[in-house]
Amino acid sequence: MDISTVAGLLLAFGLVLWSLLIGGSLGLFVDVPSVIMVIGGTFAVTLVNFRLVDMKGVGTVVMRSFFFKLPSPGDEIERIIAYANLARKEGLLALEAKLHEVDDSFLAKGVQLVIDGFSADTVRDIMDLELSWLHQRHALGKKMLDAMAGFAPAFGMIGTLVGLVQMLANLSDPSSIGSGMAVALLTTFYGAVMANMIFLPLAGKLDVRAKEEALLRELMIEGIVAIQSGEKPQLIKEKLKGFLPPSEREAVAV
Amino acid sequence: MDISTVAGLLLAFGLVLWSLLIGGSLGLFVDVPSVIMVIGGTFAVTLVNFRLVDMKGVGTVVMRSFFFKLPSPGDEIERIIAYANLARKEGLLALEAKLHEVDDSFLAKGVQLVIDGFSADTVRDIMDLELSWLHQRHALGKKMLDAMAGFAPAFGMIGTLVGLVQMLANLSDPSSIGSGMAVALLTTFYGAVMANMIFLPLAGKLDVRAKEEALLRELMIEGIVAIQSGEKPQLIKEKLKGFLPPSEREAVAV
Amino acid sequence: MDISTVAGLLLAFGLVLWSLLIGGSLGLFVDVPSVIMVIGGTFAVTLVNFRLVDMKGVGTVVMRSFFFKLPSPGDEIERIIAYANLARKEGLLALEAKLHEVDDSFLAKGVQLVIDGFSADTVRDIMDLELSWLHQRHALGKKMLDAMAGFAPAFGMIGTLVGLVQMLANLSDPSSIGSGMAVALLTTFYGAVMANMIFLPLAGKLDVRAKEEALLRELMIEGIVAIQSGEKPQLIKEKLKGFLPPSEREAVAV
Amino acid sequence: MDISTVAGLLLAFGLVLWSLLIGGSLGLFVDVPSVIMVIGGTFAVTLVNFRLVDMKGVGTVVMRSFFFKLPSPGDEIERIIAYANLARKEGLLALEAKLHEVDDSFLAKGVQLVIDGFSADTVRDIMDLELSWLHQRHALGKKMLDAMAGFAPAFGMIGTLVGLVQMLANLSDPSSIGSGMAVALLTTFYGAVMANMIFLPLAGKLDVRAKEEALLRELMIEGIVAIQSGEKPQLIKEKLKGFLPPSEREAVAV
Amino acid sequence: MDISTVAGLLLAFGLVLWSLLIGGSLGLFVDVPSVIMVIGGTFAVTLVNFRLVDMKGVGTVVMRSFFFKLPSPGDEIERIIAYANLARKEGLLALEAKLHEVDDSFLAKGVQLVIDGFSADTVRDIMDLELSWLHQRHALGKKMLDAMAGFAPAFGMIGTLVGLVQMLANLSDPSSIGSGMAVALLTTFYGAVMANMIFLPLAGKLDVRAKEEALLRELMIEGIVAIQSGEKPQLIKEKLKGFLPPSEREAVAV
């Protein structure tokens, strides 16, 4: 669970809600047809732009990025060093006993490949391919959220144009001009909120998480290949610590 | 036939139509000269920017991308493995009997080259050249749709400026101000709808389809070259499965 | 003469003219000082941004691109094959008799180099340098048209701001507000028309033509070098046909 | 302490304050809820886009960039030459006595590595890794400030839309229209000030400082490696002076 | 002195001045506080974004680019050929007698290096480094002018927002609405003029001049290295003429 995403969303929506309430009633800002049009329209053109299967996949990637906590790189370095020690003492096959305690499926796959006796190069090739598909999933997710951040305000503007034309065609009743225009502006408001408070910052967060995960995966690949090659655990640790920012290196035990 | 494109377009246009109807009569939003000007103008400057022959070609590419279903990569892998088995048992010439059942012209061309006895390098060069022309056709299509997504709102704005100037020059009759401005806004509305509901999402879908097709074509080239080189079918299968996202690999038979 | 450029421009301007006429008199949209300001201002800052000599050169490149028809790649392939046959039979010097019938100066220069006895590498170096200058001329032309497409609406907006300030300072006569604002909007209208109906699509077309010409020139270089190297005509033809899109290859004779 | 940043900020805010005061009372431009909404909203979505730990880190990087003066490249060249002389006369270990006077931690780390007897390649690898983390911290800082420069005006616009809808729904009292609209515009004003007077120029300055620091660090790496390799001090000086712009080279003492 | 820059600026400002005068009095467009705010604010945030020393340096680069005429490439080729002839006949040291007549400091430095007996590679390295600093100075200049082209309209908008809020808060006197809004629009007008008539076209011209100077410097480096290597003058001339556009090559004397 990513605290800052949830806290930021609650704070942003809380602030907007508060600004709606202190200036009048909330009802002014709720117009069900406008909501349907902006949300539905954004969804519809996203469906044209991408494929339903991609939209489902991206939903999963986004959810996974926000609610699934990545293992800490420091912990993983310590785990890899422990496995390296074990492998040097008792051989690569001894890792089989540890496999059940690896809950990260990426690392587990790598360890399995080592146990199965594949060469270092083959292990690296297979794991790099896994990583490239991870990059592609993240890139597609970011692209889709960015596209939605463009479509939402566009539908907001289309909705406002519709409202303006309808209002301008009925100028005979001056008392309705203000409320007509207020309603017309609502779709622009919805579009701006969706783009700037949801899609754009989530696209940015997905990018941040993608970089974090990619670094962790590269660290794991480097570590697994080093175990396979029988490198000294102390040397592996020094190499893997280079994947951590300087400020976090001290925290790695041993 | 690409379901999500058609469903998305129907949904988006349905929503806009519904928003027109619930707020007044549809007639408010139909102004034939405005329609002619925005659609005609967008077409005209696209003709200046590109060539008529390119516009026809892009129309074909777009139509083909949306209505022609690509073979499934999994099916093609199985087909290639079957051919590899056949070629290893009975020689490359035995593929000739299978040629009639290949309905994808790209794969058929590759198999024909193998039967004709070209070397692996020559087959790869020729097929790569085919692929590069495919990339160019797709890139031109995306470029044209993106250009149209820029020209449509520009013509919408030009139309609105024309309407505003005409309305402002006749302020003497206040009762016509509203309707004049409503009509002036229609071209902006048409331009925004064309750009955001048709050209931009179609350009995005073309990109998605282009990547999908390119991956399939690369898979085919890899498979054909492997058959020519007489690689083991099991090895070919492993190699080709790397072109599939991990979640789809299990589904490949054998 | 490039049909689609001329037809597109006529159609676009015809549509705008028609929209001016059906909504009122054409006179509403003609304001000589506004025309002078937007066209003159765009020209003036383009002069600041580039050099007078570049502007003349670009004018020539643009005109040449639109009114000078490139030889067809298919015809040139056939011509090159014919020369290759002649050179193999009667020696490179026999090409001298054909030189007078080459009306494309680029090809003529290449053939002359071959007759003069330069090595294949030297011929390629000299022709590649020619080609790189061609690229630069086209790139400068595109850059200038793009810059003008940015300056024209900027001058339109500056003109409109001037008009608005003058109108707002004279609000005492309400009857002149409408016409004052109509005139103020005219410069924005001119700027939008210039950018979206002339500069942007011409910049795009220049790009299309530049790519077309570059491909033709690369085909010629490849052909000339092959003739110098004494390659078999049949082999040259296969190589040069790779420069054509698949759909046009069948049309090449022999 | 970076003089130009502080002076520029004071001047920019002084000018805006002055323009507020000469046109009326300052109170017109202070609306606490609007301030809370724009600043709070920008902070909230930045929190969604990035992570709290990154925001703290960037705060440190920005502060450090503006208030921590980098050592002068000229002084560092002279220091490195002095160390090179010492190392050539008395051996690399003699540098240990100088270590306490190196107050730049980057240079100190490099000198320590040399004293510890690491090879030139290892020293370079370790220092290059340090440098790449420095680049990443700066890049993240610039990205965050650029994101905030986008979110601030977006929240300004959202706030203005809220204010406009509230005002339009209460048109019955004409005397409040002006003040309602004035308040509605305040959030747009705050957003524009934050983006253009704080976030964008600070992002630019961070970039300038990052380049300055990167050049200094590269100079240090080059110098440390040269000391380790026992190069002639005169030669080291010539090499390092290449890192200085020509106009500053004369100032470096011999 | 660059004619087109000065002529273009005079023409552009003349046209705007003329449009101010034909529509009313010039006094409408002069508001000293607005001028101070937009120019001062743009200068202030540029100071935040860059450093005072960079701003001075860029001022020099810009002035030098516009008022200092580059030597003609054709003349320099002839000069280099003359020196090459001299060096072949009387030795590299004979160039010393010519050094006083070289008024371009870049070429003079190169000739001095040759006289001093440095190897061709060293001469090229040192001159390439000089050239890379030249590129950096030009790039910084362009970046700063582009930044100012962004800040000027932003300050224009901030000024207009200030003016609008002040006007809206004083709607009680309807006769002052027009003049209040006219003054509010002035800062937007100033910002648009500064960006589109000064900063953007000057940034573009700096780019054009930078490319021109870079080409000349590369030609000089090639020529100096060729002299040092004792190449045949005729061969040097052919090589250097490749730096000229084809249309200017004929003009180079033998």
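Which chain is which? They are A, B, C, D and E, in the order written, and residues in each are numbered from 1.
The working rule: contacts are C-beta pairs under 8 Å (C-beta built on N, C-alpha and C of every residue); 3 or more make two chains touch, one makes a residue touch a chain.
Since the model is a prediction, treat every value here as computed from it, not as a measurement.
Of all chains in the assembly, those touching chain B and also chain D are A. The two sequence copies chain B and chain C touch through a face in which the numbers common to both fall below half of the numbers used overall. Chain A and chain C have Cα centroids separated by 44 Å. Averaged C-alpha coordinates give centres for chain A and chain D that are 27 Å from one another. In chain B, there is no position where the chain touches two or more neighbouring chains simultaneously.
Taken as a contact graph, the chains are arranged in a single closed ring, with each chain touching exactly two others.
Passing around the ring starting with chain C, then chain E, and so on, the chain order reads C, E, D, A, B. Across the interface of their complex, chain B is touched by residues 33, 36-37, 40-41, 43-52, 54, 129-130, 133, 136-137, 147, 150-151, 154-155, 157-159, 161-166, 168-171 of chain A. Taken together, the chain A residues at the contact with chain D in this complex read 2-5, 7-9, 11-12, 15-16, 18-20, 22-24, 28-29, 175, 177-179, 181-182, 185-186, 188-189, 192-193, 195-197, 200-202, 204-205, 208, 242, 245-246.
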